[in-house]
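Here is the structure we will look at.
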Amino acid sequence: MVNTEVYISGLMLENPIIPASGTFGYGREFAELYDINILGSIALKGTTMKRRYGNEGPRIAECERGMLNSIGLQNPGVDAVTDEEIPALSEVFTKKVIANVCGFSIEEYALCAEKISRSDKVGIIEVNISCPNVSGGGMAFGTSPEAAGEVTKAVKAVSKKPVYMKLSPNVTDIAAIAKACEKAGADGLSLINTLAGMRVDIKKRKPVLTNKSGGLSGPAIFPIALKMVHDTAKAVNIPVMGIGGISRASEVLEMIMAGAHAVQIGTANLIDPWVCRKIIEELPALMERSGIDDLDGIRGAAWKKQ
Amino acid sequence: MVNTEVYISGLMLENPIIPASGTFGYGREFAELYDINILGSIALKGTTMKRRYGNEGPRIAECERGMLNSIGLQNPGVDAVTDEEIPALSEVFTKKVIANVCGFSIEEYALCAEKISRSDKVGIIEVNISCPNVSGGGMAFGTSPEAAGEVTKAVKAVSKKPVYMKLSPNVTDIAAIAKACEKAGADGLSLINTLAGMRVDIKKRKPVLTNKSGGLSGPAIFPIALKMVHDTAKAVNIPVMGIGGISRASEVLEMIMAGAHAVQIGTANLIDPWVCRKIIEELPALMERSGIDDLDGIRGAAWKKQ
Amino acid sequence: MKQQDYEVIENRLIAKNTYEMKLMGNTGEIKRPGQFINLEVKGFFLKRPFSICYRTREYICIVYKIAGGGTEAMSSMAVGEKLSVLCPLGNGYDMEDCCSLLLRKSSSLLIAGGGTGTAPLYGLAKEMLKKGIKPKVILGFGSKDEVFYEENFRDIASDVTVVTEDGSLGEKGLVTDIMSGDEYVFACGPTSMLKAVWEKSAGGQFGFESRMGCGFGACMGCSCKTTGGSKRICREGPILKREEILW
Amino acid sequence: MKQQDYEVIENRLIAKNTYEMKLMGNTGEIKRPGQFINLEVKGFFLKRPFSICYRTREYICIVYKIAGGGTEAMSSMAVGEKLSVLCPLGNGYDMEDCCSLLLRKSSSLLIAGGGTGTAPLYGLAKEMLKKGIKPKVILGFGSKDEVFYEENFRDIASDVTVVTEDGSLGEKGLVTDIMSGDEYVFACGPTSMLKAVWEKSAGGQFGFESRMGCGFGACMGCSCKTTGGSKRICREGPILKREEILW
């Protein structure tokens, strides 16, 4: 029997499979489809202080093996999330969740994280400093080591839970930003968020998305995500959640060999709502076939001296 | 009758279709397949002062709708290119070509560009400051505005032909680097080169590529390339060649609407050796169906006020 | 909602660039006319949403128009091909909602379709017939060669009017040109038509389209603003009540 | 080189994880045994290279082993499926090259195959037979259940030896165990086997594999270093002469 357990910052996950923020709502839609208790954990939709509608539509565009989204952080606001969404989720999901927060100022990040971290249900706070779809917030904090460090410090100062900084791939040196977060006290890192992208409607001669550009996600970005997870995991001593383009058990193992502690599955949930269950079912068999007893044994194998 | 002509830095191209550097060799293999004189121009394989074998193999890895390469600038050296390859190509291709140069120091860039720019066959010098597959060269010069500006200046000082700087997408702000090149005298810009990426062989528990990482190209990267071309074309007043993931006539129009003057087709040539011919054949019909008389009329339509 | 393989048992051109496709498979969970399916087209990343035109015990019928690469590929699918489909999705038309109004003034019940928006209304009309409800039907198309299902509607409804924008069939004009303005309308069609119908109607339910990431409520890609806050077209829609709609 | 659609006319398991596939289509341009094709597998980006095992006027035969996703997908391809194929690629075995050696000492001509590397050597042996050349044949496999084409070879060659690493069929051991060391060898197989054969041979031609981007010389993905500078396995290869090879 292989062991799929992974330990991250106080949470012992039954398996490393976590649906990614923004692609699993607050779990409700998926709980209708399968028993979501099989999941390692769930990363909740990005939450801001106030309720947000997000950007005007169209906010989805199709790409080759991927998609652009420019949702712009639609969410009911932190109070509704803590008072309604999390309690509702608790009825169908018994494990701890990862709360994802975003803000338009360092203060908002801290306020939002503090509030949501009070929930018993929340095991980890994931701080999105990498949303490419809102101006004046999100990614603005994730593209310089200094700003990333400042957000980290502010959130760490108030959060009652371990803090993971969610990093943007739209940078020259992701490892440098990762190190700044680590230095500022981050307990872990989540990466990658989406890559800035665009499609043009040649009939209308303007961008498909009303927001003009959006974030690219899905299988197309997997090799980019894997390289960034590799570079980051090598550079820091805190856990890394590998995110980006994963849709198969073999890609979970690639991510862990690149140095990830656990993984998050995003867009794949939209294409196949049962994909996380499939991966969780396939993983042990694949591990067995590959001679892997437990995931700790292969973490970083792609770069660690054997 | 629609007009597919585009003018870039002294060259009037019959159409905007140019095979990208490194995916068309020195044209010879394709000249066996079709009359390559239908092409707008050809961007030659990256050339360095000295002959290079490149990186150890495997140096190709498959990805979803894309591939990684870690060739590492295999080329016969500038003398062989000017004395043998260019004359040989001249026998089957009557138009001017774009010579692509790379170096490991600013001096080498300048020397190489100076030499190759003496060839009458060369219409434009494309300076690759974005190769992710060589250490100490290539991308090192393309990730900071200062270094990019310095290479530009050095090459401009000696080149007898217009100079296009080929930019890396592995940066936080490509428009800033573009502006630095423009300020340093660049006549135009080519973008994007490949995105840094990786795949791990889970059986061997190590990267598929001997070089560990490689450059991601192909349809997967098109939305990223389009966004960068859009951002860059908006920011500068020199022509931009749109490169990255193009494999269809409609994507050529997307690129031009994003602001490109001409486009380069890379990886698609490897997957379908006749793809440039197909695109050249399809383009006029697509333009007609879309009510486009000439390409100058739609350039930048995605962001220009109408 | 289930994900299942459906088999193409018919796929034929019924009007200009417009096809009728019958998909054999489970239809038991479909609750209401106006619900839709999300259909995987090989080689395309996102599934394509199509209204269920009508369903029988054995198959689902959809009517689609070539709009881009995905529908283009669908048009050359052969009988026997298997397609992965998410079904059923969305809320569908609520036939109860109009009952009170209906009881008062049954003559003012209208089905108003525009272009391919006509498709789900055919299934709705069939269901209404079963319940003994007899709505007026107005179908609007661009021109004669785009018209489809006219006969199908005439077979089940007594009062069917077809209008075309260029007058090549039926009266020349728009659906709204022959609305009286006091109707409760079941509408589906292009946004501009929906808006015009909305303005001229007393009440009703309107079928919307939106670019979708998932089709089942997970991504917020399809959201729109309504009087009751933001709603997901794929889940709280695609059918919105007249009073919910914000333009 | 042409790109054409070939039709699968046979696709059957002939040994453990090993399939023989016959592809109907143009075979007229194939010049030499040892050339290869590059075959598009739907859903995978890069084409997959396979040696031509042999060809007739109507079809090409390839033998492939499941190695990953692409070959896995191939194994379930049905008769009638159309595949886009680049053909022919590479140089192939040069049967003239050995002639001088052959005239002096014909007994020392050897065909040495390992695993699926055996496939192109079967086509080579057939061609040699046509020319009246009768090489010795040694085929090496891991174990009995991986052996294929033994009978095919016996039908056309008089001196065929099969060895297996575990001794489950024929002699236990490696191809090199029963080489005398003075042979001119036509070899194909895994790198470790090629190297061993190279060391023990007097001359010969060796078939190599390499990850390929294009298969026709455009990308430099497949390059390897040789005594004559760098060569592209897809163009100046996949067959290299003994004296060119650098390990």
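Per-chain residue numbering starts at 1, and chain names A, B, C and D are given in the order in which the chains are listed.
We adopt the following convention: a residue touches a chain if its C-beta (ideal position, glycine included) is under 8 Å from a C-beta of that chain, and two chains touch if they have at least 3 such contacts.
Everything numeric in this text was worked out from a predicted model, so none of it was measured.
Trainee: Hop across touching chains from chain B and tell me the fewest hops that reach chain C.
Mentor: Minimal hop count between chain B and chain C: 2.
Trainee: What chains touch chain A and also chain B?
Mentor: none
Trainee: Looking at CA centres, what chain is most distant from chain A?
Mentor: D
Trainee: What whole-number Å value describes the gap between the mean CA coordinates of chain A and chain C?
Mentor: About 36 Å separates the centre of chain A from that of chain C.
Trainee: Give, as an integer number of Å, the spacing between the C-alpha centres of chain D and chain A.
Mentor: Roughly 47 Å separates the two chain centres.
Trainee: Based only on mean CA positions, could you tell me how far chain C sits from chain D in angstrom?
Mentor: Result: the chain centres lie 58 Å from each other.
Trainee: By the touch rule stated above, which residues of chain B touch at least two different other chains?
Mentor: Within chain B, residues 61, 63-66 contact more than one other chain.
Trainee: Residue numbers of chain B touching chain D in their complex, please.
Mentor: Contact set of chain B toward chain D: 22-25, 29-30, 32-33, 45, 53-54, 57-67, 69, 71, 74, 218, 269-274.
Trainee: Would you mind writing out the residues of chain D in touch with chain B in their complex?
Mentor: Checking each residue of chain D against chain B gives 1, 3, 44-47, 86, 210-214, 216-225, 230, 235.
Trainee: Could you pull out which chain A residues touch chain B in their complex?
Mentor: On the chain A side, the touching residues are 61, 63-66, 68, 143, 170-172, 195-200, 202-203, 205-207, 212-213, 216, 219-224, 226-227, 230, 245, 250, 253-254, 257-258, 290, 298, 301-303.
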